[in-house]
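In this document, chain identifiers A, B, C, D, E, F, G, H, I, J, K and L correspond to the written order of the chains, with residue numbering beginning at 1 in each.
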Amino acid sequence: MINLLLINGPNLNLLGQREPSLYGVQTLETIETELYKKAEKAGIKLETFQSNSEGSLVDQIQKAIGEIDAIMINAGAYTHTSVALRDALLSSEIPYVELHLSNTFSRESFRHKSLLADRAVGVITGFGPMSYQLAFDGILSFLKHQDRK
Amino acid sequence: MINLLLINGPNLNLLGQREPSLYGVQTLETIETELYKKAEKAGIKLETFQSNSEGSLVDQIQKAIGEIDAIMINAGAYTHTSVALRDALLSSEIPYVELHLSNTFSRESFRHKSLLADRAVGVITGFGPMSYQLAFDGILSFLKHQDRK
Amino acid sequence: MINLLLINGPNLNLLGQREPSLYGVQTLETIETELYKKAEKAGIKLETFQSNSEGSLVDQIQKAIGEIDAIMINAGAYTHTSVALRDALLSSEIPYVELHLSNTFSRESFRHKSLLADRAVGVITGFGPMSYQLAFDGILSFLKHQDRK
Amino acid sequence: MINLLLINGPNLNLLGQREPSLYGVQTLETIETELYKKAEKAGIKLETFQSNSEGSLVDQIQKAIGEIDAIMINAGAYTHTSVALRDALLSSEIPYVELHLSNTFSRESFRHKSLLADRAVGVITGFGPMSYQLAFDGILSFLKHQDRK
Amino acid sequence: MINLLLINGPNLNLLGQREPSLYGVQTLETIETELYKKAEKAGIKLETFQSNSEGSLVDQIQKAIGEIDAIMINAGAYTHTSVALRDALLSSEIPYVELHLSNTFSRESFRHKSLLADRAVGVITGFGPMSYQLAFDGILSFLKHQDRK
Amino acid sequence: MINLLLINGPNLNLLGQREPSLYGVQTLETIETELYKKAEKAGIKLETFQSNSEGSLVDQIQKAIGEIDAIMINAGAYTHTSVALRDALLSSEIPYVELHLSNTFSRESFRHKSLLADRAVGVITGFGPMSYQLAFDGILSFLKHQDRK
Amino acid sequence: MINLLLINGPNLNLLGQREPSLYGVQTLETIETELYKKAEKAGIKLETFQSNSEGSLVDQIQKAIGEIDAIMINAGAYTHTSVALRDALLSSEIPYVELHLSNTFSRESFRHKSLLADRAVGVITGFGPMSYQLAFDGILSFLKHQDRK
Amino acid sequence: MINLLLINGPNLNLLGQREPSLYGVQTLETIETELYKKAEKAGIKLETFQSNSEGSLVDQIQKAIGEIDAIMINAGAYTHTSVALRDALLSSEIPYVELHLSNTFSRESFRHKSLLADRAVGVITGFGPMSYQLAFDGILSFLKHQDRK
Amino acid sequence: MINLLLINGPNLNLLGQREPSLYGVQTLETIETELYKKAEKAGIKLETFQSNSEGSLVDQIQKAIGEIDAIMINAGAYTHTSVALRDALLSSEIPYVELHLSNTFSRESFRHKSLLADRAVGVITGFGPMSYQLAFDGILSFLKHQDRK
Amino acid sequence: MINLLLINGPNLNLLGQREPSLYGVQTLETIETELYKKAEKAGIKLETFQSNSEGSLVDQIQKAIGEIDAIMINAGAYTHTSVALRDALLSSEIPYVELHLSNTFSRESFRHKSLLADRAVGVITGFGPMSYQLAFDGILSFLKHQDRK
Amino acid sequence: MINLLLINGPNLNLLGQREPSLYGVQTLETIETELYKKAEKAGIKLETFQSNSEGSLVDQIQKAIGEIDAIMINAGAYTHTSVALRDALLSSEIPYVELHLSNTFSRESFRHKSLLADRAVGVITGFGPMSYQLAFDGILSFLKHQDRK
Amino acid sequence: MINLLLINGPNLNLLGQREPSLYGVQTLETIETELYKKAEKAGIKLETFQSNSEGSLVDQIQKAIGEIDAIMINAGAYTHTSVALRDALLSSEIPYVELHLSNTFSRESFRHKSLLADRAVGVITGFGPMSYQLAFDGILSFLKHQDRK
């Protein structure tokens, strides 16, 4: 059985409450609930985690070692500043997908550079809550192809 | 009825024949066939176009005006060099998704900058042929949400 | 009644104990006490918070939503590195003033760039403990003018 | 008795007449009048000077030597281009506060660099006409602390 | 009746006397005379002003407020260094055309950046004295189109 | 008799149909028609050419050798990316004017650099369809002055 | 039997006709004729191709797959701008030599960077028509050494 | 008696478990145990601390004030991103040695810049677990020389 | 008879009064007096001019045309910011020496770039008041050698 | 038996004689003597070499091929400028440690970049003469671990 | 009779002994021997010189003045760092070819910039020992064409 | 008695023989002879040294310690590349003047940066052989003023 972990970084717990023009009106809870359903249907075990703290996110990725087959991560602001998160992901040797709700390339220039992207399986950005569903499908497809090798 | 256009840029006609470690073993034909099936199932009209010529790609985007509801574009090398393609897409006012087979962020630094990304609905990169399927699902989801507004 | 929040970032709990030539001899406690007095005199409710942890600062800003009318923030080192703090402040939609004890422009070049300044109401830098009083007067003046509109 | 000089640079004589969304509706005269009152109340002698000419501003700062205890300067556009103004201020050895009506960090990138800031006592930016009052309070506080040493 | 102002910046009073290979053999007087004739024929009131002083140029632009419908400006060296001139033009809210006798793009690299161009109606560069005539025709055309809206 | 060639680059065939706020409402056909009239009146032979293909534009410039006295070129997006176009123009040794409908300096930063400008007779930018008329007058004036030498 | 392909990019069809001080007086035809003779003497099959169109050059390289043992390419202006050409050469997995008539390092700075050089067998620049002969000898020597391995 | 503190930053708790080619096979526990032995033999009191959280590392350095004579710090990823850690170390006025297991100069370019190095006593990088022993010897030697002054 | 002009820029009228560690204790008057003596002895006519205004300096250089054989200029702060001064000097076609009292290369980085140096006969920097004497000797030597040609 | 070579670059022969605040009071002779003792005790053969000439240092490294097991190098100024030294070390395929007496990161910015560091076993900087002892221990530890593999 | 000089810079005396994957297996002696044969056959006098010392290379180039008609130079590491070598070559006014065994463009970025290339007749890079033969043919061809003029 | 040392770097031994338009027609011998005369007249002991080797120049500066009161140095190409020379001069603690025959600011951009200038007494550039005389006068004036303190 495949075990997936969804990680959300700082301020994503506010989803649906503030700045709807940028991030949409769905709450993180709704997004996670829909993803749990999708996972159940696909016979996959899903865990979710959100934190505003860089250290807690690193801790969580470390805990995933040996438990989790792949990670979906929306690292929010830490995408652009956290070498620690990058190191945690690389040390864990768990494949991961980077995802974003908004199109980071149409925002401030310091959001154009990701410290996670070059070692990710793939990157999905700009589709709102749908980004999570696409990340789910994308990482699953990746795991299946890897399996066959 | 929704009309989608899939555009593939230079050298993507070689898919499946060369550099499989970078681009996978599926041909462009196979990828397009699978996407046609997916479109048919969803009741959507799909057109596809590939060219190695920047000018022909611009021509094709211009022809899409008034005919096509959304574009999926893997502009290949022109992603990083063609302001003309950007202008064609913006002039057409057709929403588009940028997609890539390989993870452009883990390749040469001149591939880290896209001239199309900041005005795209979203960007999908790194999932191999699956990137096309995710782009299809992503743009469809975008069109439906836009509709409801 | 106006509710103000004063946030102090990393190492500001050491104020008055170390490097007096750079930061002065007053402790953070003294500074806060003087500000409480000033607030009381002005009939304003003041809360204060200090943490060395980026995540806790983000948490605190999120808690301020719906409770606080304006924030005075001396984010210390995080001023120059934390996109997460910026996102928290912007998501909260609470007006804020950025302040510094020392003149950041006369220090290391990495302190010349603030990730918070461009979206702040205003910035006050270099007046030592007096910076806090000026920030208080400045944000109050801002709130009153906003009110009248 | 303390002697203060307020210097306003190019185009600040237009205040209150043009671009009110950027600079507010108060004229420079009103701002100066309020500051004169504040000075009188505090038993301080205030002089004011405005010019559109870099050379005249340099002349005025030179005249202040031996007469003036501190300068408040809103150098406007010359903040970002005038090494001559910087040299005049440094040669005068008079402490000065840099102030701005608008938040220069949220405007064009060439306004993010000040040639005066690193040697100023402090910098105040973004509070509209209130910036002048804060600068007044800030420089006075500085002079008093300096005195006690 | 339309009122136009032609402003010439530093060293343009030397036109026709020095460096003819760069700036041509016509004097500024001749250029202005031809433009006066052209204006008269078109029933337009033209004023001209030249100064080597940045401050005087700013003063003149301020005087134009409420009097002048459009400005033609060859700011010479100040094109590349004067934020004060830019601010004066923007504060005046008078539409302006930037013009140059020589082709600034084929000269020293510090002449490739204009501080006025991005907010101008248009820019004309390289046609020698003819640049003035083209600027005249261009700004007139602009005013007429604006009128019709 | 003077022979002029007007070259329009990619997406300029869409003029008047899309993005009117950026490029105006006149079609390329209207612009060319007006220019033909102007040419006829002046006793000048005018040819026009538009293509979305960099290669075809190069071909056309090569064909102009020995036939054409001067070129007016709005190279659109290729202005900023095509060394090939630059080489064709330089190899042809035909004098040319660079022109743009919109003010390229107020748009994306990659449009601030032209690969053609430094070797052009002159550059005209920002006057909408009037830019073509000014370019016509400018290049004609250039040819006449050259003649007299 | 060894099959070689010589590719010439934009404007090289003008060789010998324009700018002789930069490119010499020999036509491309003469250069190709001499190279055909040299190939015949060496018992090698040579094909040549020239185009001003980036897309056609990509097409031609794709056609070479499985037919051609090595490519000599003078990509002209596309050397510095075409990622598509680079991708075509890399996808083809055919070894290639980059060559130039003029010394690109003594020309405009944008000609100092080649998008093809780092993956070429070698680069030859500055010897005029002799560059073609040296490229021929160089690539042949490369093929022979590769053979022996 | 000398009191030393060894601080390890994010992901160093994973040592010996993941990426052995980069970081070696020894666990952090083993490294610390060996260092405790070395300290005991030298009659020195050693404390150790590891955390994935930037804030906790700052807290720990603050606690060291007045207790600890020198710090050995392997700040891991925070070496390159944490101004807060730098400020904590400088505020504490405790001498410190920066150390790394791997050679940071042969890794990603963002690891070439340390925010701690310029104010450290010295830096040791690349010797694997031996880096800790060298840091111990180096800081001890520093303390002894300082003593003698 | 040779006519020399000595030009001093902004703040040099303060010489000998402020910042003696940087600029020495001699006043500008003393320096000029010594230079007048030197000129008289050498049978050379010397004029001197100082202004804090960029425009007045430009005016003065223009007046020198046809009157002055060579200029010695200490442009002070304008050395680093004034394209207008550069243009005036170049337009005048009068040979000039650039000189500085202090060593500009050991000061702020914005003083390392001179807008006048590349077209000067020579540059003398760092010798205090002696710089003026060396400039005098240097420009005289230049004029004599030029004469003999 | 292990053979070590210690190489000291330009100006290190002056050690202990000049700039003691930067480099300490020990002479190079003393440092080498202490290292010889340490080597003898450890049963290791040590050679030392110092030169001010880049070429002689290259010569010496070439002579070490086949004779020396590891190099300790304090290349002084050549650390930052000599590609030749880098090439000699890489060509020799002898493992080496880079060391410095002073902390190069707290000095001029051109000393922050080493041309040797990325290929060194490790780097030790800032411990004064102790740096040599640490380098000795570090390289020995490296050789022993390598041995065991 | 033509006199040629072949100069080899630092570490090229190691050719064939170390790093064969980068530089091949032929020794410098073999390469020189083959070139002597080629020269003899062509009736040309060849001299060769190798040194690891920048100064000796400069000396040798100076000695070539008046003796040598053209230089072939593989300056190795000094290609990228030696302005002195550039000056020697330019002062000598002897035409020269720059050559390299390996493809410098596919190596470290500091090898992409040559201080010799822009003033060379031509550059040949990447063909291994064959580069020397091509350089020989290239410079000879250059000398013959120059002769005929 | 004052002891002066004149140091000339690489290629300056060619003076008067090559590139007279750049460096003049006087030989180094003539220049030194004139300077010896000047020194004798002033009662000063002068030594001169020239070398093409960076190491020898460093050696010579080291020998000057305790013997020489001031150095005049024209380091030629090493001005822009030699940190070793800088270190030798700083270690020697001998005051020095940097001088150049040509105006380095009007030559290649890599000659605009000097590694010696910021720590020199002063810099003289562009006066041809006269630069040596001015350097002599300048350093003497410096020594006399230093004496009086």
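A few notes on this one:
Going forward, contacts are C-beta pairs under 8 Å (C-beta built on N, C-alpha and C of every residue); 3 or more make two chains touch, one makes a residue touch a chain.
Computed from a predicted model, the values in this text were never measured in an experiment.
Two copies of one chain, chain I and chain L, touch each other, and the residues they use overlap strongly: the shared fraction of interface numbers exceeds half. We define each chain's centre as the mean of its Cα atoms; on that basis chain F and chain J are separated by 63 Å.
Taking the mean of the C-alpha atoms as each chain's centre, chain E and chain G sit 49 Å apart. If you average the Cα atoms of chain C and of chain L, the two centres end up 55 Å apart.
Looking at chain H, one finds that residues 53-56, 81 touch two or more other chains.
Touching chain pairs in this entry, ordered by label, are A-B, A-C, A-H, B-F, B-G, C-D, C-H, D-E, D-I, E-F, E-I, F-G, G-K, H-J, I-L, J-K, J-L, K-L.
Those residues of chain G that touch chain B in the complex are listed here as 53-56, 58-59, 62, 65, 81-84, 86-88, 90-93, 115. On the chain I side of its complex with chain L, the touching residues are 103, 105-106, 114, 117-128, 130-131, 133-134, 137-138, 141-142, 145. Residue ranges of chain F in contact with chain B, taken from their complex: 9-11, 13-14, 17-19, 51-56, 76-78, 80-81, 110-111.
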